[in-house]
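The same chain A turns up in both complexes below, where it pairs with chain B and then with chain C.
What follows is the complex of A and B.
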């Protein structure tokens, strides 16, 4: 049971890193990407190559993965971010399809459909990972690192400028902010952070193949961000918990084994539809709403102002 | 006085309609110039052309020796020209403080400045427009007049030399209008140049050193307020009164 829970926690941690790094693009930079699994995959393949060919060091493999994935996302961002946002969504789907094909077909680098096997267990500063619990602790450390980096970023001048673009792009440009530079930087950072999840995955599963980095998974990652609530620290975490753990919870329901698969999918899909109908701003917005009702401090200052409001 | 901005034979058409038609105008450094004219005269289009949001079909725009044609809006702003919008376009989910701070800080910094310079500049700008006390209020929760002053504060914060203000005083009550005038005058005293679009002719008369009268995309007249207001033909065009 401990191994099962540890396994779930590792997968959940990976999902949190991916959803939170994607939210840097979606929630803060206003870039709707359906290609985030590519950066996850590039990170996983790079870490696997470093581990197989050079060193078992998780730190070195992860830094290499971040560098390569950051470079790939930069290469994607520079030409593609020039197009308008709805076109970017389509372009990102194209990028995901191209990347999936490369993952599947570039046998000498990715191992094709067979993937890269025999990735050794990770070592971090002399600590050799031996069990799922070790990986759970490693993943928790990585989640804490990624969330800290994102929290620092969104409260930095860079993050504030992204939020300004999210609020009003024209005004931000008129104040001298360069949309392309900021969005390319956000995409590159997002890709680099996603690679951390790829590195954990490669070492933990010890096997990397294209089936984990598909368009389906990219869509699921976007769903995590939207369901949880884009543009907040809590939103992607809540979304990742929901998407990762909800199917696992359904397995505990007493459903006949012949129909458990379709029933799970219907409940799961139906729950997502209902969430979006009733809480379109994501689950995190409900918490904000309740907090706002309980504590009117946020609007107290506004109420104290002169009464010449414009309606 | 030297010309800070030179607009030369500027033309811009949309779908075959000439919106800016051979417009020529020079703004002198340190002066407040009002751009007036009937609706559809091309006033906001001229702002869009100067600030790089539109590219002219013909003609030139020079600012302190720099050719502005073809420059991206953010580049124009960095040269020292910034504009406001009729519909304000504040960052509504950010506080008053953040609206100004984000305008003046280097957006590529991944960490906050430790020397407190950005904070000091933000405080100075907000105190100047009378919004320091409201610094923690979300921009969306401000009164209309306060929003107008915050809009001006953001432009001041980016280090603007030439202010292009699109109806900055519309909808202001009496005391706010007085404060707005004082602010414009103090900006002028600091050596800034201001071009403003304004429909309220009382305000135009009160604040302007020069008036440019735009009609059907061309600068039909340019002069002091006394000269412009004395011209009956311009009054006829402005108020749409048919000639008898």
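What follows is the complex of A and C.
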């Protein structure tokens, strides 16, 4: 039972890291990306290569993963972020599809469909991981690190400038900020942070293959951010908890296993539609409302009006 | 000669993509709704056709009517109950996109729940054809091209010569103008969704015959439609048609050198290339107020 819970906690931690780093783009920089699983995947493959070829050190493998993944997201961001937001959404889907094809086809580097197997267990500063509980502790440390970085970023001048662009691009440009530089920086950071989750995954599961980094998973990550509430610290965490633990709940409800997948997806999709129509700021805003802060409608309207560049 | 055969195949598939792209472009240009669930229309329509003709043995004409009814009901219904309320509260692009995205997930999985995720095909005399020199041209190829040409020309006539069409064209140029004249965008956005969704019927039905059906096709068609509209130059209906055609050709001719698992990657290679080199698209319309 301890192993079962620890396993679930590791997977939940990975989801929290991914959703929170994605929210840096979606919620703060105003960039909708459906390619986050790519950065997760690049991180996992890089960490696996480092672990298989050079060292068991989690720290070194993770730093390498962050560097490579950050570089890949930088390469995506520079040409594509110059175009309009609706184009970026589509370009990111395209990028995810191209990347999935590369993951499955570039046999010499990714191992093709079979993937990379036999990743050794991780070592962190002399601490040799052995059980799921060890990995649960490691994951918790990583989650704390990622959330701290994001919290610091969001409240730094960098984070405030990002939010200024999201809310009113014209005014921010008038103040002398360069949107391209800020957005590229946010995308690169987001990719690098996602690689941490990839590194944990590679060491914990001990093998990496393309099935973990598909378009479907990118969609699920975006769903976590939207359902929880973009642009808040709590939102992506709530979304990640909801979407990770929900399937476990369904298995207790005696739903036939062959229809469980579609039923889950219908519930997620339906939740997104209903939330967007009635509560565009996600579940996190409900909690804010109960604490008597700004009403979600007002927040949504304030965000929608200036950034509504249609027409 | 294999290249020529692939090129013909590409033109046929591209014609069907063109219809999807034109529908998306029409909806987007008139209502500014990024209708990501457009592929959901195709999916529901195709499965409706399959269910009525293959399982219930209705005549093809009735099956087509059922497919049309389902497509239009989904498109117009979604506009009425999801997009219009959101547009009234001035929801941002990303909010509408997310909702549309959710709709596609729901449509895909409702189909998966009812029909399972296995592959369905329909047999028909459409695959037979004739040899023109060294290449085989099937009836499905001809029918695809004919549907695309007739419907796109008809649409061009419609938006130029009818009253509703002229209003739609005005909305493409400036939605604020339409509201100013007191027309109200409800009826006309319903018209845009009706036409855009109806254009999906030939794509859905002919793809059911030629490439078979699977729930994941909805997402593929959405992406192809949007990519075609962007490559063509968003807001330009001729451009969208050309963009769809180009993607179909690129995808099929690409198979000459690459394995067919690269098909979707080719589509998006073309898209990414355009975004970097010519983001305004093939037929860039005059710049709008932004």
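Following the convention adopted for this analysis, the second predicted complex is superposed on the first by the 266 of 311 C-alpha atoms of A that agree within 3 Å, B and C clash if a C-alpha of one lies under 4 Å from a C-alpha of the other, contacts with A are read in each partner's own complex, and residues count from 1 in each chain.
Throughout what follows, a residue touches a chain if its C-beta (ideal position, glycine included) is under 8 Å from a C-beta of that chain, and two chains touch if they have at least 3 such contacts.
What you see is a predicted model, and the numbers here were worked out from it, not measured in a lab.
Participant: Contacts for A:250 in the overlay, against chain B (first) and chain C (second): which applies, first, second, both or neither?
Facilitator: Neither partner.
Participant: Thinking of the overlay built on chain A, is A:175 touched by chain B (first), by chain C (second), by both, or by neither?
Facilitator: The answer is first: A:175 touches chain B but not chain C.
Participant: Which holds for A:141: it touches chain B only (first), chain C only (second), both, or neither?
Facilitator: It touches nothing on chain B or chain C.
Participant: Which holds for A:161: it touches chain B only (first), chain C only (second), both, or neither?
Facilitator: First partner only, chain B.
Participant: Pick one for A:185: touches chain B only (first), chain C only (second), both, or neither.
Facilitator: In the superposition, A:185 touches chain B alone.
Participant: For A:101, using the defined touch cut-off, is the partner it touches chain B, chain C, both, or neither? Pick first, second, both or neither.
Facilitator: So A:101 only meets chain C here.
Participant: For A:152, select first, second, both or neither according to whether it touches chain B, chain C, the two together, or no partner.
Facilitator: After superposition on chain A, A:152 lies in contact with chain B alone.
Participant: On the superposed three-chain arrangement, identify whether chain B or chain C touches more chain A residues.
Facilitator: When the residues of chain A touched by each partner are counted, C comes out ahead.
Participant: Output the chain A positions appearing in both contact lists, the one against chain B and the one against chain C.
Facilitator: On chain A, the residues that contact chain B in one structure and chain C in the other are 301, 305, 307-310.
Participant: In the complex, go through chain A and note every residue touching chain B.
Facilitator: Residue positions touching the partner: 152-153, 155-158, 160-161, 163-164, 166-168, 170-179, 181-182, 185, 298-299, 301-302, 305-310.
Participant: In their shared complex, at which residues does chain C touch chain A?
Facilitator: Those residues of chain C that touch chain A are 32, 34, 82, 85-86, 89-99, 101-106, 108-110, 112-113, 116, 174-176, 219, 223, 226-227, 230, 259, 261-262, 264-265, 267-269, 271-272, 275-276, 279, 288-290.
Participant: Can you list the residues on chain B that touch chain A in the complex?
Facilitator: Where chain B meets chain A, its residues are 51, 53, 72-74, 77-78, 82-83, 85, 89-94, 98, 101-103, 105-112, 118, 134, 136-138, 141-147, 154-155, 158, 171, 173, 176.
Participant: Which part of chain A faces chain C closely enough to touch in the complex?
Facilitator: 26, 30, 32, 79-80, 82-87, 89-91, 93-95, 97-98, 101, 104-105, 215, 219, 222-223, 226, 258-259, 261-263, 265-266, 268-273, 276-277, 280, 297, 300-301, 303-305, 307-311
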